[in-house]
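Both complexes shown next keep subunit A, but they swap its partner, so subunit B is in the first and subunit C is in the second.
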Partner chain A sequence: MQDLCTMVHLCYCLFLVLSPLIELKDSQIIFCTDVVSAMLIRATGQNLRLAYLRSLESLDLVKQIEVSEFLFSGDIAALIYLCNPFTIVACVGLSTSPIENMAVILCLYGACSRLIPLAAFGWVIATHLSLYPAILIIPVIFLLGCGPDSPPRKLFLQRHQQKEVLNQSKLPPRFSWGPVIHFAFWAFLWSVYVLVLCGISLKQFGGLWEMFKSTYGFILTVEDLSPNIGVLWYFFAEVFEFFRNFFLIVFHVNILFMILPLAIRLRHRPCYLAFVYVAICSMLKSYPSVGDSALYLGLLGWFVNELADMQFSLFLFCGYVGVSLLSPVMHNLWIWRGTGNANFYFATAMVYACLQIVLVVEGVSAMLNHDRKLRNLITGKPQDAKS
Partner chain B sequence: MAETKEKSLSDEKPKPRVRPIVRLGIFLISHSFHVSVVCCTAGVLALFLLPVLAKNTYISENALMPGSASPMLSNQHVSDGNRLVKDLTNPNSKSSETGIESHKIIAQYMLDLGAEVSFHKFHPQMNQFHPLHFFSSPDSGKIQENYSCSSYGINTVGIIRAPHGDGKEAIVLVTPYNALKSGFGEALSLGIAYSVFSLLTQVTWLAKDIIWLVADSQYGEYAAVAAWLREYQTPKFSSLSTPNAEMCPDVNNLFELKGHSISGSKFSNSFRRAGTMASALVLKVRDQNEQFEDTISIYAEASNGQMPNLDLINVVNYLAVHRQGLRVNVEKLWSLLNSSWLKSLGEIFESLAKVAKSLYPKWKFGIPATEYVEGTATLASSLYYQALGVPTGPHGAFRDYQVDAITLEISPKFSLDKVWRNDILLRGGRLIEGVIRSVNNLLEKFHQSFFLYLLTSPSKFVSVGVYMIAFALLIAPLPMVAASLYVDANSSSNCSKGDSSTPSAITDTDEHSIAIRSWRWLNSAKLVFIVHLWGAIVSLLPYFISQIPDCSPTTSFMIWVLLSILSLLTLNSVLASPLACAKATQEKEWALVKSVTISSVFIGLGLMSVINFATAEIGALLMVPMCLLAQPLKLDVRAGTLRSFCRMICNLVLGHIAFPPAAFFLLKGMLDGFGNANVGDFWMWVESLWAWNSATYLFIGMVQLPCWVLCISILFHTC
Partner chain C sequence: MVLLQRPHILLLLIDTHQFLQCWIAFGSANEEGQQQEEFSEELLVKPLPDHKLLAHFHFQSSAPPSTSNGCHHHLFPKAISQLVQKFRVKEMELSFTQGRWNYESWGGFDPISSSNAKPPGVELWAVFDVPQHHIDASWKNLTHTLSGLFCASINFLESTATYSTPEWSFPPASGNVRYGTFPCEAVCTENLTPWLRLLPCRDKAGIALLLDRPSLYRGFYHSQRLHLTSTESSSEGIDSGIILEQTLTVVLQPNSERAIEVHASEKHVQPSWSLSSIFGKQVSGRCVLAKSSSVYLLLDRGLVAELKFPNKENGKSAANGLTSENFWSNPSFELSVNPDRIFLEESSSHSKSLSILYMFQVEKYSESEPFDIGLMWKVPVAWLCQQTPLHASRFLMGSGNERGAIAISLKSTQFTEGFMSANSKDGSCELRVDVFQVVPWYVKVYFHSLRVFVDQQPRAVSDFIEKIHVSPSKDKMSPGVMEVVLKLPCRVNTAALTIEFDKGFLRIDEYPPDANQGFDIPSAIISFPNFHASMVFLEDDSLNRSPLLSKFQDKCPVMSYTEVLLVPLTTPDFSMPYNVSTIKCTVFALYFGSLLNVLQRRVAEEERFLKAKAAKKTGRLPLLLSKLSAKLRGRRREPLHSPPSSSSFINSKLVLKVILVAGLAVGWQYFFS
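Let's turn to the complex of A and B:
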């Protein structure tokens, strides 16, 4: 259903101008978007790796952490994105989620390589297509303000206090408002542009307000209850009508609640913050699809070096494999064979949601542990570390 | 260990209390050996307890009301039926070579009753390779090019429209009939169906249309019914260029004859339909019988172990036993009936129940030993036929379209006098009438009662909630052992790291320190993935082998084995890159491989238990011990203790038994004797599996075989 929504959007803005909608299903556009996304992921991953190495260098930790053993996270992330069965399924099924994914990746790529107009364009289009990427504005602001992922700024200060020489050039830059304002300007420009285009093409269909109602409204009110891999369809099929509005607010505020604490805790790692946001959105959005999981699993590849100590990796892997095999079977049992019922399928959806939660929780704690480890390397036992 | 030290240093406070659930998990993982022994024994024991735990069936759907109305089938209808039997067994009707005459007789009889009649012509479909077919909905069938006019079948279909119905629902009555060499039994089954049919044209209570399908069984009963159903549910519009059955002169001939011999308002050339099918009954009468009383056998297993709703069986059972005085049978494994160990097991259970009852009078769970043995034999056959995934009769075709259907086979005590024949016609007819009347009462589809169950006798069943316990106990050790192996392998390597270097530093001695720590299992996962990929290839190979013309089963099987070995070697050399070999020297590598193997087996078994429970149960009985026991033989030899020696013997035995062909021959030998075992038999068996699109075939190819290969590779691991 998200597809439908995106299709409507695409119809409204881009493809009405560029190419007729019908061609989307026939042509290779979706395949191409996947390839382009993978290339962008690779480029961003290389950026991140370089930034990480640079920060290690300025912390003088290069010797203790075998830099030569560092994996090329960009390549790995791109490979994960391309070889992921979820991506393949979404591509073969001609879902439009690869296009949404590309918009998100475009935004992050632009922010990482400081192409501010591109970042603004990606953010506007991603928001326009599926609304949820709107919260990516926070990591993008951090990215533009302080540069890509690095250990906490506190560490650099401590390091240089030990050495008692405060070398300003080795410190990460302070938060600068210039690029952010630049970004805001471009974002404003692009959204005006998109809205004007939509307004022109929608003149005979009831204007912009009608578009907002039937796209964002459709996403926010969870009108379509046909089964998907999320949990909301089941919940809203069961809930009493007079509680519906209340729970709609609860579920959507749920995402908003997580934004602030995560932003505070992970502000020094904006790309990782973006990954966490994307994962949370794909868990709590109203019409999730496997294409969303493909996106955040691909982004996970960027942090291969940092997440080397992640726990439960085998468990998570087996869980993903098991759920992605079991849920079509359950669906078959319920819809086709008629021997099962909705609970069978919903059970797999719940397991899937739990797996995503475990992934996010473990990922965040592994990242924090990594930071802690770096801190220990600097402060805890410096002489040991050097030996 | 290094990490924990770091943590304690950085936190500088006492470790937080571990949550009880985590502590329970840690306890289970650390005692995984005892837990797995207990769980597996309990699982096998629970399987043997199932006949004791079986519940009596009950009719769950209120609307059915079986036997509430007195049967209306009278002697008048019986004599009508008798007339048809006489006409069909009359030697004159068999004069025609294609058996068209008898079809015409049947059609004439139907028309005389005022039913709509049409013929359905079909070509028998060849066996095709479609192992994934169980997952998709049935298609309209491929249009084959090599249709010839020489091989086609004719189904005769009669439809009664319900006077009170809206024509949206229908009940199907099927009688297989081979016009060329029909026995007396088939004619009798037609007679019974006809007498019921003639009654149903007159009754006023009918709310659903009645379809009587006389299925031409010269190409097999299933093929005829399946062809008719395919046409009924998914009509195909073939282009004119493909040769069609209508073009054959013989068939046209049939219609011409019809045209002037029958007053043709109700007869039509086109395919006739009624509403959606509420349920279907297949009626057969067996020719020879050695039983002393009239019995009726129920066959219910459809493809992939799907069963019709239990209520349908209940209704038939209730009406047959309590109204018509027929003995009801379900299939048994006869060889189990005389086994002494089963009898003694039953006696043990019986005496245990007695003891329990003497302790507390309300505990009444025991059943007599003979009943236990019979229940076990029925349960075993129920499991066997479900696991095979091959339908036990024409009713299987209906289940593919979510229609509940069973086959009723009446085996009368044999005598030839007319009174006896009338009696069988009357009782059989009344049974069918009662069942149809009950189904006619239904407002919705069958949905109240169970779809997932095993029968231990016609009136006793084990529901999914009970038999799943046995299965869950059997596979419960798998994740635990996998977790404990994984933790062991990781902690041992961590220990070695901790010893060799200082705790906080991330080690210069250890090469792969950062890249692989918690991701070490990826290497083993790659191996497991390769082997499963190989399993997929092996499962696809028969498609190509079956294209080779004039190949005997034995040679086909040999080619299959050779190609499989070849592909395994190729895959191994191509995909298992030298990089992996360099890393494979890690200690405890086998433990990680075993851990990932067990995880994959767990996923595979869990998946299969949803698709086809019986296959998963039998597979689990074979694979779980093998997976759990597998350990490099070298280690066992080196240890040299009694325990390791026992384990080695068990490993070797299980390694032989769990190989799918070996398991097949062993099972076949136990059932039929080892005398006439042939290598080609396995090929034939496998061929039948994929031709019936059984999921068991995929299970063997993609779960059991890879698991066996991985276990063997663990056994011969050089560590």
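Let's turn to the complex of A and C:
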């Protein structure tokens, strides 16, 4: 998609300077999609913030954590999503990733606001479009079962043990299977619907099996080796044919391996879990694009309050800026001018992958530290939660 | 017996066995009145306008359909007949070419150029007489057989990504045809030798004696072709008649000493030549196995018009008196040998003047008196060959290694003006042009971007394209094929087709050894179905006509090949496989390790707390139980949680890992066995 970037960058400049109307007309659908996504992000963010405030209130931590300084995370997330150069590039480049992003956001929004059919629809469409969002079913189940992000349940128990009163109404709800079954039903219904529609429209082109083979098969066996911002294209261009299948399995299983540990550790924060999953997918997927980064960077905005103590944020910011400036240059040198080498471009892609890894690892660590901080506040230990 | 009238002692000594067998067969065949296997050798020489000389060797062997002989052949090459029988080949053509046929100066409207001008490298097409689903297997086997037979890398054509199935634009239109080209094949003497081995006399006698390797490969264009047609191959496949046509077309530069001397003073005098000066050899008699053996000298229509024969006006009367002296003793040139016969072309509508063919019988000559025809020019002559209605050329557009465009440009040659005006009776004269283009899969053509320019103006595609058939390429599976029928107005000056493409990226093992040289896009075939290149010569005895002349009479559509394009593709760094794998795997390990570390890390205070808890408990069972429950319920349940004792923790994890790996291995084994 980096090629898109370079081309699109020009378009975007033109778009700003010369003819906003012409460019907008072409990308109207994508543009509307982005705006709708941003609105959904904002609504979900507000929802999350309210839930967070409510849980802090029930933990009686409102005074200790200065709630007045709480940022409006929904607004911030929507702004990050809209003003992110990656989003703009993907939109102006008429990439289809904004549509995939909207399906993911729709799913999370539906799950947060307990609109189960909407959540199921978003999940089915997102899976249908790009396969990887299938793993979002775990955070969605947690979201539906226990409600949006809150501190761990045992903190509440501890708190109430301390106060010697067990006020059930103030406790977060236990895991309830009702909405989950409801969700499963709707997901089944939507997927049958989508498959039937696909089956009808693809009847003359080989049917569903052909569709699976040439969409999911294309995603899973990395066949297209044209350069993108990921690293898999170069890896599979260079790796020996004999090991190709092995590495295909390894890289895809790498996504699956992390699902369980993350789900265990972050199950009380399903939205954050969804963010981490999205970030991991956009890092390890076969054909990543800047649109995927735009999505997880936008979702990151939901957790500005919790992640205030994150380390390396300046480093990450500078890294992202540097990579997004250098990568088109290297691509241009290699492909268009022929003066550069594939390795230069690969190096920027590698740096980008490392930045994403640092972001994910530090983000998870910061969120766990935040939980520790809350616990320490409850148990009254004044020491810093960071280790 | 004709054969025994002029016994060739040397050959008789060499090939006594074969000769005797042949002779017996002749005898028996004559008695039964059956058709017999025939072989004929012919050479056609034609001066070209740009001081060059075209030599066209034509060897034809035919095996009649007969059940009596079984699998035995007297003259016909056994390898070919076996190949036809085994793969049920109905028609096949294989050509090895080096150099590019210069359509502008060597002409494109005569039978020689439209059927013998071939694209560089190897071109193979075959029509099979097998059920539809067996064709690909037959093709695969055929390519391998031919590859072995001709010492060439034709076997690269076996993969589905290299050959295509033309639907209707390719001349032998039928669903059973397969077409493949391999433009980067280097053609050399190793391909010629097996080709010559198919001739009954090889290059030991007859006209093939002239095929001297150094002088052949010194030429500007060299194309050896093998065309076979099997007639009415029945279901048994054994008794099929086969006609094998082997032609070798060379364009050479005659460099006689006199020409060099004259060069300074008279620049425009065509170089004089003789067979011995071109090939360095002479024909010492014919191949005794050949039914006919003759050499022709063809003077082009344009050349004849230029030479102004004295009795050009009454061409018809001259046709009657063919031996009339004034056809070969001309003020402008001189022949060293008197021709045995002279053929005049029948008047055609295409051109005002007629071409002349001089025939020389090789039979009259022997070892002691070798045949050597020479042509001495006296005055400068300049003429033009008859060209195709539109001159086709193809080029690449765009820069960079990301995308580009292929353009096929057709330029009117103004040569067939008369024909066109004659054809346009009702004012709506149309020129039909068929374009057949194969592009390899790594050149990803966007067929929707096809655009037509007529007289340098962009025009609507539907106005000029009558019919189009497109089969998009599949990665590593099949090439993209485009067949277009263009209907252009006759008065068109230029027309161009452009189509855009993206360049694909390949794995390192798919690049050829010299990847930076680029990749070849095979020639496009431009054919003009309304124009037929044929030359009909007036002959008195139609029974004994030569295969070459009867070939000339066939109405084959005018065809021309465009240039081969060289597309540079982006290359990865070929020295990097180990580096890329190690760096990438390191980064992944970093990700995996650090994320797991973050997830299971406990701060010092938690650690101490857990240790204190564990110290309270004694006994293994509760420890294990609590561990189990902690595992099951997650690690957040601190009061009950105990730190896993490192050894057992590692053990359980190790066991899990081992089981996982073993399971994977078993699954893998099962899947691949």
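Here, the second predicted complex is superposed on the first by the 352 of 387 C-alpha atoms of A that agree within 3 Å, B and C clash if a C-alpha of one lies under 4 Å from a C-alpha of the other, contacts with A are read in each partner's own complex, and residues count from 1 in each chain.
Convention: a residue touches a chain if its C-beta (ideal position, glycine included) is under 8 Å from a C-beta of that chain, and two chains touch if they have at least 3 such contacts.
Treat the numbers as computed from the prediction; the structure is a model and nothing was measured.
S.K.: Tell me the contact category for A:Y320 with respect to subunit B and subunit C: first, second, both or neither.
M.R.: neither
S.K.: Per the overlay, which chain contacts more subunit A residues, subunit B or subunit C?
M.R.: Partner with more touched residues of subunit A: C.
S.K.: Could you say whether A:L71 touches subunit B, subunit C, both of them, or neither, answering first, second, both or neither?
M.R.: Touch partner of A:L71: subunit B, not subunit C.
S.K.: Is A:D309 touching the first partner subunit B, the second partner subunit C, both, or neither of them?
M.R.: first
S.K.: I'd like to know which partner A:R265 touches here: subunit B for first, subunit C for second, both or neither.
M.R.: In the superposition, A:R265 contacts subunit C only.
S.K.: Which of the two partners, first being subunit B and second being subunit C, lies in contact with A:Y352: first, second, both, or neither?
M.R.: In the superposed model, A:Y352 contacts neither subunit B nor subunit C.
S.K.: Check whether A:W336 is in contact with subunit B, with subunit C, with both or with neither, and answer first, second, both or neither.
M.R.: It touches subunit B and subunit C both.
S.K.: Quick one: is A:P227 in contact with subunit B, with subunit C, with both, or with neither? Answer first, second, both or neither.
M.R.: second
S.K.: Tell me which partner A:K373 touches in the superposition: subunit B (first), subunit C (second), both or neither.
M.R.: First partner only.
S.K.: Residues on subunit A in contact with subunit B in one complex and with subunit C in the other?
M.R.: Shared contact residues on subunit A: 336-338, 372, 381, 385, 387.
S.K.: Can you name the residues of subunit A that touch subunit B in the complex?
M.R.: So the residues of subunit A in touch with subunit B come to 64-66, 69-71, 305, 308-311, 313-315, 317-318, 321-322, 325-326, 328-330, 332-333, 336-339, 344, 369, 372-373, 375-377, 380-381, 384-385, 387.
S.K.: Which residues of subunit C touch subunit A in their complex?
M.R.: Per the touch definition, subunit C meets subunit A at residues 399-402, 475-476, 502, 504-509, 570-573, 576-577, 580-581, 583-584, 587-588, 590-592, 594-596, 598-601, 603-606, 634-638.
S.K.: Once bound in the complex, which stretches of subunit B touch subunit A?
M.R.: 3, 6, 9-10, 135, 137, 306, 402, 445, 451-452, 483, 486, 502, 504-506, 508, 511-519, 521, 525, 595-596, 599-600, 602-603, 606-607, 610-611
S.K.: Inside the complex, what are the residues of subunit A that reach subunit C?
M.R.: 3, 152, 154, 223-227, 231, 233-241, 251, 254, 257-258, 261-262, 264-265, 267, 283, 334-338, 341-343, 346, 350, 353-354, 357, 360-361, 364-365, 368, 372, 381, 383, 385-387
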